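Shared between the two complexes below is chain A, which has chain B as its partner in the first and chain C in the second.
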Partner chain A sequence: MRTSIFVLSIIIFLLFSVISISYAQDAPEVSEQGKEVYEESCAHCHGVEGRGDGSAAENLLPRPRDFTRGLYKIRSTESGQLPTDKDLFDIITIGMPGSSMPGWETSLSADDRWEVVSYIKTFYEGFKENETPPKQISLDGKIPYSEESVEIGKFFYTQFACFECHGNAGRGDGTSAPTLQDEWGFKSWPANLTENWNFRGGSSTEDIYKRFIGGIAGSAMPMFEDASFGLSVEQAQRYAQLENKVEMTDAEDEEFNQLDENMGNAYDILDMMTEGIANDEQKQKHAEAMKVFQEKSWHIANYVKSLAPEKRPEPAIGKNVLRSQYTVDTLPTIDDAVWDTLEASYFPLVGQIIVEPRQFNPTIDSVNVKSFYNDTEVAFLFIWDDRTNNTEEQETEDFGKTFVDAIAIQFPVKVPQDPTAPKPYFLWGGKKAVYLWQWKASAVNSVTELTAKGITNAEIQEVQGDIQAESKYTDGQYRLWVKRALKTDDKKDLQIEQGVFVPIAFSVWDGANGDIDTKRVISSWYSFVLEPVPSSRRFIYPPLVALLSLGILVGLRGFVQRRNT
Partner chain B sequence: MRKPSLFTICFVIFVASWIFLRYIVGSLISVPIPNSVIVMYMALILIAILVHISVEDSRLSEFLRPIIETLVDENKKVRRIVLVVLIPLFMLGYTYTNIAQKASPPGDPRDAHPSPPLELTYKDEVIEDVENPYRHLEKDNPEEFKSHVENGRRVYYDNCFYCHGDHLDGQGHFANALNPLPANFQDPGIIPNFQESFFFWRISKGGPGLPKEGTPWNSAMPIWEDHLDKEEIWDVILFLSEYTGYSYREVGH
Partner chain C sequence: MKTKMLVCFALLIACGFGLFVFADDHEEEEMNKLVFSKETYKIMKVNNGGKISGVVKFEGEVPEKKKLAINKDPAVCGVVDKFDESLVVGENMALKNTIVYLMDVKQGKDFDKDAKVELDQKECRFNPHVQIIPVGTALTVLNNDKATHNVHIFGTSKNGTSINKQQTRNRKRMKLAAAKGPEGPVEVKCDIHGWMKAWVAYVPHPYFAVTNEKGEFTLEDVPPGDYKLGYWHEVCGNNNKEPVVVTVAAGGEVKQDFTLKIKK
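Up next, the complex of A and B:
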């Protein structure tokens, strides 16, 4: 008896602790502490009154959240719902990748973060009125990642018209991309789905799923609507197949009409559901259709997940340094499949904020580079994502003022002889000059040689060497191919030697983002090398050493044997 | 179980020492020990082993016994054949990887905190104060001191936090593309080691104002005297220590 009372009290105790833990999920009462932490750590971006208008806000894109509207992008709740306290807590803890919101786990205690959650909720009345907890998105029925699911997801990506903003290849280059604005009238670019390290709400399949089930409030990203509501995955695919047929047989025609009718019925039921007049059978049907919609959404989430690498590539330093590969043949042209055999070197880029006018809100993340060389020439392939193809300066009502897209590849004129020798200043040189290849989208197949002694002090070289260039813009991505002789007669040119590490840096301009002159994205100095042809010694010495060690072993045995006798 | 032979013990000690130096110490101090240092230590250990086994004749012969047995004994044939195959193969692989190794890019020897020039200047104006002219307010007029710190906070978030970060830890949203990385003011080796005048110099002259050993061509730190006035620079210096809780090195220390 006693033991059972003891056990019972333990169970009760455990239950209570579980309950108190779940209570702790909710933010505490508003306190002076929350206000203090907010004003110390948050107000300089989000503003003292939470309007997203702190002193740093002007130079940030996306803008800091305006808490007075109750529109929260990253939520675990359904469309139109407020976030849960835990959602707000998580954002503060983890931060928002790709924006200027860092995670605060290291500098604010969990207690402080909860206090801030309570405090920012006071900026919006809606949180007080809302007594019932917001409805959370169910993650039931998750479809595991598979090639098959990715294929189905790709189909619905097209059918749900995701490409209109995010582009065919997911690079955020859809036709409506340049026109998008958020609720506050600020420019809002659709996400480049191939760079998932910039996803504000995280890059797991669940995160992606939540973003389009719940929408991204305040942005142009809506809650998803099922473009084939009421149809199963197979039916939706069949429907699209028939829809694209030029001529249908009678049977097909009938099938098509049947599918069309199913869809119509599903929408009718949806209307009745919203009016609240649906009967039990209709409710059942609606629930089924919603389940299929969720299934389709999981497939899309898997497809979006498949578009990006596992993690952000490592920058081209150390073992990832750009190594131009030797080939005895003529160098590959821009479309040669042999480029696919090389792994690209990744050069992250950053807004130029040193010299006015500055670029605080860059749109270009990085440039990827591959290279081959032979005995006389070197060829490079520069690849970078840009959501729009701006080939001339323009001013339109829709897009505002835009400039020409461009890239400049920078080298020193003279390669420093040893690691301690000075290089030119990384921002287009200074006292020491840099040698540049400048390409502009207004002249797609030519590169101009420049010499610069400072970011505002560049001039076109009088003697333009024989540099071949070709470029292509497809699905939100530029590919620029450049080929030049290793040695030239021009003293202002870089001379390239095998095995010598040459400093290299980049400037890239996105015309649609207002980039021109000093307003651009830049990199610091990196280096590249014409990878020496592997020495043939590697086939001679190792076998010799192996033979020698074998000889020593045999000799040793002979020696010992002789001594023993 | 048989007691391990002297040879086995020496062999295990030798290999274990190498693993300890190469992997364990490296991960403890988070910087791997240079190869040359490891070679030196290993040579010492080898000498110690040799001394140990050669002190007595009996010990030497005990040490050599398993080697000789392996080389000639009829019932150690399997072991012998395995070693005769493995040792040359190992040498083959080892020499091959050494020869085929790719050239590594030159390191960038950089002194992150070089000595400041003898004369502190703002643009061309010589600054006589080596102390922060607003520091005394901390005692004399706390209210006014607070307003300077607040102004410093504004300056920081308007200009610095893109690279040096919200937490002053050098992890701003622009930091990942920079090399060298922005300074981390939360590092206990930064603020307490320098006087406020050093910070004034580094901020006003930026990357290009560094001496050669600081590789001025690499640093993305702007020349802030072009954008900020003197008071703003002194104020942001106050803010850095207020936020992190570290005190600058005092003048004369």
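Up next, the complex of A and C:
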């Protein structure tokens, strides 16, 4: 009797131990250190329970990630897979540019970052159920950057239909852009590919490649399996060429059908691979087609890379300050090719978060400005990207409430003669007044002069000076051309003198992003100057240099020829 | 000795109990999902099974049919008018696209292996709007449009159903990876054409039906027994909390109708 109870207890004890152990294995390993770091540094955005609903979340777009669904945008892993620990560690270290997710490299130790990685994984049980490590995207067959590759990439950018969302010029202005949402139902904009410093997951060619091969989980951005699977680069180009022909000869018709069939077969094999029923021969064929697909994808990655400058431009201060160039001629109009000879000055913008209503989620990165002047007038070209062209206030079910796009260019009324002298308050002035040019997309060829003594205290000048303006919206970009006399009779106007640094600042409204009144993106004060008229020496030096180098070349040629004979 | 052992015993039981309390979850009820039995479904031959059928009706004021704004690819997508399909009420208040199913069936017939599991994209509309997909079966997505779509399924990575794949206009058919386990219904969207929406449910047994235009459903070859009969509708919600219990007799037929209202 005793022994049987003893044996029974032992058995029960073992049973429970087994249950507890197996439970313990299933149970998320809660890292105390990670939890502490999380609750201190992350929870006010991501929520104590990781649902992305922290106290600061409501004002943010994109929203802080909800960790309970296991959806991660920036992965080195294939579509539908979870990220690796290293992926999470890296994103926490670097942060996500273009969103409010900060980088923690300086404020948390590497050890803390690793611990918080294991802690955020406990919010999604898929992490523990996954015994097999997630599949990495292969980076094989990388094609080096070249003009030729970029050209091929451009073709496939169209074939893969990236433009549907990212637009023809890549500015995130595709025709599908206005309706895109993330999986939580919040508005999401396709990336502006010409401003790759705002990419969440980095701007290297490899980063770009990984994003569209693996997709950006939780967002509208899909993953891709080619647009002409099984066809080589040349065959794909030929296919597109034939497809666009209005009339095909019999031979062309046959050629087209053959290509179409090859493609269909390759896709059928791809489907068999998905189902896991392909035989060895099919697997071989699939591997070959995959190689070509990778080749096309690297070309696309090179093309996307080519759309942005190599680095984020330096802001227009110091040696980059906006210099209006002198010309003896009449000033160029909006479409004059001479504008292309000037390098634009870059004025970064940030959301206005001082006065209600605020803009926490800016969609406009910057204004780029070029300028010419002559003896009597000055002309500016203001260029900024905006994904949508909103010319009137609207309320639709699809897009919600949208307002009119606009820009205001701000100068002080009185230019301080000394650059260190105090300027008016940068938010449209205060005690010291500012002078403004305001342009709205509802009246594309006019600029209104305002005087303001504060962001909510602006009035239209009674006497409107003679300012010419013209604007165009193409492929997700506004260009506004403004011309005015250097000097005017109006005391409320800015008077521009050569060689004097004139403070300048900007406000821009993206109507589709809910910008109106104080809700807008702004810059602080920068300055511009009418570059002094070039002295005649400038015109002597270049020909001299040219002559000298010609002489050297001739000499060299003679030297080489003599050596060869 | 004996008392010590008993204390030990009691403690262990208490621990065990504590552990199991954790497992309780109400997630399905809250999120308008189906209820799936935790037990693995056993396939067996069903002889002389019963039949459950009925009609699902809508109650309340039927909202006006909402025409969808076609703001993209009008040449392909704008040829026929399209309407919001979240609430389709037919004659006699018949409610289409309601899933009716057995919540707690543990064994029964196999899936119809010949049934096509296809989601069609034609004139920029998903068809069907609500569909059940057997766990382990790959969904075939057809593209009958000269337009590029992307098939975005809001499932989970652990189930292999978190999918967002581009289907360019040259790709007529595309297989999507099979679900590893039951899930759903989850939303399907084409982000390129934002109005295109559908639902799929990955199900572990064949006793699921989707109501037709007349609101009708039928579950056949049900092994005799008592079952909880559940429903799910996109905007009318579910009866996860109070399923109807039906008794199926060998060779018998049970009638069970439902009347649903818009969920508050």
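Keep this in mind: the second predicted complex is superposed on the first by the 501 of 565 C-alpha atoms of A that agree within 3 Å, B and C clash if a C-alpha of one lies under 4 Å from a C-alpha of the other, contacts with A are read in each partner's own complex, and residues count from 1 in each chain.
Simple rule for what comes next: a residue touches a chain if its C-beta (ideal position, glycine included) is under 8 Å from a C-beta of that chain, and two chains touch if they have at least 3 such contacts.
In this text, all values refer to a predicted model and were calculated from it rather than measured experimentally.
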Contacts of A:S100 with chain B and chain C, given as first, second, both or neither: first
Chain B versus chain C as contact partner of A:E183, first or second or both or neither: second
Touched partner set for A:V233, first chain B, second chain C, both or neither: neither
Partner chain(s) touched by A:A485 [first = chain B, second = chain C, both, neither]: neither
Which of chain B and chain C A:V321 touches, first, second, both or neither: first
Which of chain B and chain C A:F426 touches, first, second, both or neither: first
Which of chain B and chain C A:M248 touches, first, second, both or neither: neither
Which of chain B and chain C A:S527 touches, first, second, both or neither: first
First, second, both or neither for A:I516, with chain B first and chain C second: neither
Common ground on chain A, meaning residues reached by chain C in one complex and by chain B in the other: none
Chain C residues within the chain A interface of the complex: 2, 5, 8-9, 12-13, 15-16, 19, 69, 71-72, 138, 140, 148, 150-152, 154, 156-158, 160, 162-166, 168-178, 191-195
Contacting residues of chain B [partner chain A, same complex]: 68, 71-72, 80, 83-84, 87-89, 91-93, 95-96, 99-100, 102-109, 153-154, 157-158, 161-162, 165-167, 169, 171-174, 176-179, 208, 212, 215-218, 220, 222-223
Chain B-facing residues of chain A, complex: 41, 44-45, 54-56, 59, 99-100, 102, 104, 106-107, 315, 317-318, 321, 323, 348-351, 353-355, 360, 418-420, 422-427, 430, 432, 499, 501, 523-527, 529, 531-532, 534-535, 537-538, 541-543, 545-550, 553-554, 556-557, 560-561, 564
Complex contact set, residues of chain A against chain C: 2, 5-6, 9, 12-13, 16, 19-20, 23, 69-71, 79-82, 124-126, 129-130, 159-161, 164-165, 175-176, 178-181, 183, 215, 217, 220-225, 227-229, 260, 263-264, 267, 270-271, 274-275, 396-398
